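Same chain, two partners: chain A is paired with chain B first, then with chain C.
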Partner chain A sequence: MNLKAKKLVEYMAMLVIWLGLVLLFGLMSHNFLSERTFVTLANRIPALTVVAAGMTLVLIIGGIDLSVGSVLGLCGAVVGLALVNFHLPFWAAILLGLGVGLGAGTLNGLVSVGFGIPSFIVSLGMLEIARGLAYLTTNSQTKYIGGAVEGLSTPVAGLAVSPAFLIAVLVVVAGQVVLSRTVFGRYLIAIGTNEQAVRLAGINPKPVKIAVFALLGLLTGLGGVFYTSRLGSSDPNAGVGLELSAIAAVVIGGTSLMGGRGSVVNTFFGVLIIATLEAGLAQVGASEPTKRVITGVVIVGAVILDAWRHHLTGKKFMLLKQLFSRPPSSKSTP
Partner chain B sequence: MNPMKKTLFSNSVAGLALALSLGSLAVLNGGCNKSQNTADNKSAPAKPKVALVMKSLANEFFSTMAEGAKQHQAANAASYDLVVNGIKNETDLAEQVNLVEQMIAQQVNAIVIAPADSKALVTVLKHAKEAGILVVNIDNKLDADVLKQAGITVPFVGPDNRAGARKVGEALAKQLQAGDKVAIIEGIPTAFNGQQRRLGFEDAMKAAGVNIVSVQSGRWEMEKANNVASAMLNEHADLKAILCANDNMALGAVSAIQAADKTGKVLVVGFDNISALRPLLDKGQVVATADQHGDRLAVFGIEAALKILKGEAPPADQTTAVDVVTK
Partner chain C sequence: MANAGPLHQSEVRSSAFTRSGTPPEGLTPNPASGPLLQVTRLQKSYNVPVLVDFSFALERGEVHALVGSNGAGKSTFARILSGLTDRDGGDIQLEGRPYNPGSKREAEHAGVIMVLQELNVIGTMSIAENIFLNRLPRRGGFLRFVGLHNEARQALSRVGLGGVDPSTPAGFLGVGQQQLVEIAGALSQNCRLLILDEPTAALTDPEIEQLFENIRQLQKEGVGIIYVSHRMDEIRRIADRITVMRDGRVVATHQAGDVTPAELVREMVGHDLPERKKSVVERPVGEVALRVRNLRAGDQVRDVSFELRRGEILGIAGLIGSGRTETLRAIFGADAKDGGEILVGEQPVVIRSPADALRAGIGLVPEDRKQDGLLLPQPIRVNTTLSTIARHANAGGWLDTRAETKTTESFCGRLQVQCTSHEQTIGELSGGNQQKVVIARWLARDCRILLFDEPTRGIDVAAKHTIYQLLHDLAAEGKAVMVVSSELVELMALCDRLLVMSQGRITAEFTPDEWTQEKITQAAFSGYLDQKESAIAT
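Coming up: the complex of A and B.
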């Protein structure tokens, strides 16, 4: 089986899992299988989707970023501040929000790569810093913004989905193309598999790694903009625990926490699974503790399934081979 | 009190080592002054030191409360000193317990506390009472049974959440008809004030003959409530109203209703009267909310504590006002 077909099979497997979940909730609830449900679903996931897409790349290089939830909160707070207190135009507020995200991500990358500190620790620090700044800048108050930002999350006429969703899908597609079709993407997988080998091959991995953290920061800023626009308000508590949902989505999508393997498209399915689970359980009316237990079981179950699948197909071995061949010739891999 | 120590103590994210060394410092300091301070307590000190221990200061409601207390102290600087502390998030019980212990070690005269949990804080508050410190409970009422088991009484100064929620529910019921379907988004199910608000909503709806078709938790958060409300709107197409146990969740419900294109068809009520809700009240997207005078709540507690310290008031529960706010 060639690589392309293999990828397709993986996508199909994720799709089947998601459809199974949808069907299950369809059977358990009255109105789950309705257009409304899917529109709601599509319009609630953009923020998590773009963050998880960026997180996929960070996990692929063997890093991690725990600060995304806080940074998302900070970016949302900055957007709210810019619009409500400084009366900046919409585009300027958005640019400011994205800039803050990019800055936080770049700082994460610079410090962890520059000083050789595990990104786990650096981003843990950033988690506190960004949340603190979000509270400081907003005075811990929710700001109601209203119409000015809601456009991004209001369904496009005749299309049922919001611009935010469309942008998020574009990010996923672009992320996958970058990962599997560009030299940069190849470097990411190589760094995650064996950084030492990359260095010995004469490639400096540092700028690449910093760029990946910066990219995640930028996408987190975008997520903050989406979040703010969906709620029509900026909430300094936005995104608490989002890092865990993002990491869960990425891992459900089969990306290895050890680095070297992953897919942005599968991460998107991971996001869908998590969001569907949450929406479905709420629609069925499950109690709060039950929701948490079931969500936990699904996360671990999905990863066990994935590990088992990779064990069977010997994917690790394939990847090694793939690494030492140039992208075009990888098609000839047996 | 040494001002440097004060800032260090209020820094809730200080490292473990720092906390430990400070803790031992405080204990040492406490040990030295013990005899002197107990004497002070008995003769009602000229300038008592009151510690306000809050829940999450990241929540606008509690930061307003703390701000109100600070202003009150600034206006009455001659009559008492105030130390304000809060925890990082509402569920971090351990941190709140630590704060109370630090306050005991600092030998304050009174602790005014908004407990993060109605039961888990009782033990440490008992230690405080044993150390001769007056404890006044505000906001979230301590569990009566647990207090009895611990053998202590703690006066509660605060609003009757159930009655307040009932009033809000009644304001909503005026716009509903018997048999209409409504849903409730409650707070964290283990919080006493959240339970009381849910009960108050239920009282009002039952009295009006309205059908509650779903009760789910939004964990006090906007985004969680938004998701829950979306699901409720999907499941019950003929839903007439969503009752939210706080205003943050009401904001989330309003955006869910907008996204479902049901603005005006589904009514919303909240609780707390935060400033972000004002525009929605004006536009009629939120029918009513309850104002429990958050900026005064801590002050009520502090005033009660000062009176009890002076021996003016008996240590009994006091109910503060909750007003319904509509357009």
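Coming up: the complex of A and C.
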């Protein structure tokens, strides 16, 4: 009960922050608060959303995956190759793209968990490998695909949002449910909190960890499909820097980089905040460099806020309290 | 330097009472200098009041013991003194001046040093670095390792770890040795007030003796010592005064000679404890549940063979570093084995991981609850059901939180875990209550063979009885139970049979009618003697 209430409060807090941001841009630019803005927003975020959802789980077990941007590019390239060069049916091309993502993620997991190498390093290698492969498969050229894939990212009639957006929201909900309602989710949180204790409780953490990296790979594959369908073409440069946006979204959503704590729903709000920031700043005419500075400040600010909420002991808050009240020693008996 | 004056004075005074059993009038505050520490009506509450009008005084050169049940507020008081926690109200005077440490560093600067109840060594850093963590010798920003290691060696030899290489990563040490490293760190600092929060919970008699030597030395130097412990025999030996706490309040302060352990316990829990019967209640001992043959693991377990029967409580005694813990860990698959055979019943089993052990029906309550047991930021419920989580889910892997709560209520209730609710973060519980939750986790798992490593570490007198009773019940149900403890009295009260380990080998086996403290201690040292002889022979 208590816990559920606490969770709800956190969701509401994130929602309020996002709405505040929307309002701010609305005040700054008359055109911002329009249906078009939101439709564009909804159709831009599915790829980032699914990747960030998977990234949340990886960060919760205390890992990280820097390769998602490149893997997303590779998956998109493979989808393009399958449709344009091999004339595979649509569903087969998608399966292939998902499979490549799953494979890359599993490899990340196997190597880092199997050899006990930090996932930071392993995925850094994968970042290079996957990007290289993306260039190789596409001959470093953007491939136009056209109608076949665009359906995923075209708003459904009468709904204003695309199937991709709906799938992404579904992924977020499913991710949250898995995290908080299933044994697997409990394992993730426990491993991120104290892996040694989990092992000594008789649970083998390795398969669980590998599965999480694999899952992120699969979701990155899905992100690749969404990305390709939005552009209508497969671009070997797709997803450059996406790992940073994804990690930023997760962290803005309050997931700890130290592991053991996090929420997929809040990551979704993190994605919304980042996307809104980007769209809004563009709308008010901020230059690219300004946009980056502001985005950076927001990320760091969010993390500081989060640290304040979670990590600081009562002691630091006590300092604050002391500023507003008399020091404890002065309360003593005369 | 600064306290050279009082030092001399207290030297004279302390020699008058440290040896004799009755602390004389020398302890009454000297109006001229006043007590070393004067705490008046200290207040602290989290969600519930933890310290209520807590008043306390400590003289120079005095050992003042603090006793009370788990959750009475002892550690909270100690943490306030050492600047780790803020108080809500009340006054603290150190040597007549207001004392309000804002941090551990400030407290240390004022000469208040504390050994925390929970271990805090950094496993990846060397022992030497751990000892001098807050004052590493530096030159121009670079660490000076030569001086560091020499000083560390000195500090270690004060606590009986003279043979240990200070450059070893501290994580390689067992819990007892880590505890000694922390004590060494505290002893090597200039202090006026030393706070020891359950320093001996993982120590065996020889290390305790050595610690007491150090304490007596500090007393002579005029240092005041606050000593928190659940071991009554120890307190009677070392303390000058004893303050009993209950629910954050002072129940009474006694001169150590004026009070019996039974009276102390009555004051702690508010009623008499039932007289404990000797362990040899007739229990049918069944067939062999676990056979261990020629087990070898690392350099701590050299050759261990024994049998454990159903319905039996088998104890392992031994000194720190004798390989007791490592034996249990190797059986359980927590550490790698180098050789040997394990049979469950008649069946040889391969145990490479704790998961394998669990499949074979073996559970282990680990020695180091913080490192190996607890998910500190998670609720009590999650901690209790960690080993049984799959049983609290339906076929699809969906958690049944209500069933989890029920299990938690049942097992944590049986162990009387003191908490505000089962959703409370376990890190907020007192040390003893955290330990109870780890035990509850393994009781919930219902293993056929249960290995307990220091099960009562940090647990109060009354709750110890509950746990002893639980172990008996387990054995009576036909489970096979093994207990490692550094408290010989505990083993003798609890076990049907006792193995003694020394230098990685079993050097003796006793039944209750054979054993005496002397015999056990002798066997615990025998491995070291053999080693010397063979060293001379070669």
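To be clear about the criterion, the second predicted complex is superposed on the first by the 309 of 334 C-alpha atoms of A that agree within 3 Å, B and C clash if a C-alpha of one lies under 4 Å from a C-alpha of the other, contacts with A are read in each partner's own complex, and residues count from 1 in each chain.
In this text, a contact is a pair of C-beta atoms (placed from the backbone, for glycine too) under 8 Å apart; a residue touches a chain by one contact, two chains touch by 3 or more.
Given the structure is predicted, the values throughout are model-derived calculations rather than measurements.
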In the overlay, answer first, second, both or neither for which of chain B and chain C A:Phe213 touches. neither
Should A:Phe165 be classified as contacting the first partner (chain B), the second (chain C), both, or neither? neither
Applying the document's definition of touch, where does A:Phe268 land relative to chain B and chain C: first, second, both, or neither? neither
Quick check on the superposed pair: does A:Ile189 touch chain B, chain C, both, or neither? Answer first, second, both or neither. second
Is A:Arg199 touching anything from chain B or chain C once the two structures are fitted on A? First, second, both or neither. second
Write out the stretch or stretches of chain C touching chain A in their complex. 40-41, 84-91, 98, 100, 332, 334, 353-355, 357-358, 363-364, 366, 371-379, 382, 386-387, 389-390, 393, 396-399, 421, 423, 441, 445
Of all residues in chain A, those that touch chain C in their complex: 2-3, 181-187, 189-190, 193-194, 196-204, 260-261, 314-315, 318, 327-329, 331-333
Using the touch definition up top, name the residues of chain B that touch chain A in the complex. 13, 57-60, 63, 89, 189, 214, 216-217, 219, 221-223, 226-228, 230-237, 248, 251-252, 254-255, 258-260, 274-280
Taking the complex as given, what residues does chain A use to touch chain B? 29-32, 34, 36-37, 40, 43-44, 128, 135, 139-144, 146, 150, 153-155, 227, 230-233, 235-238, 240, 278-280, 282-283, 285, 287-288
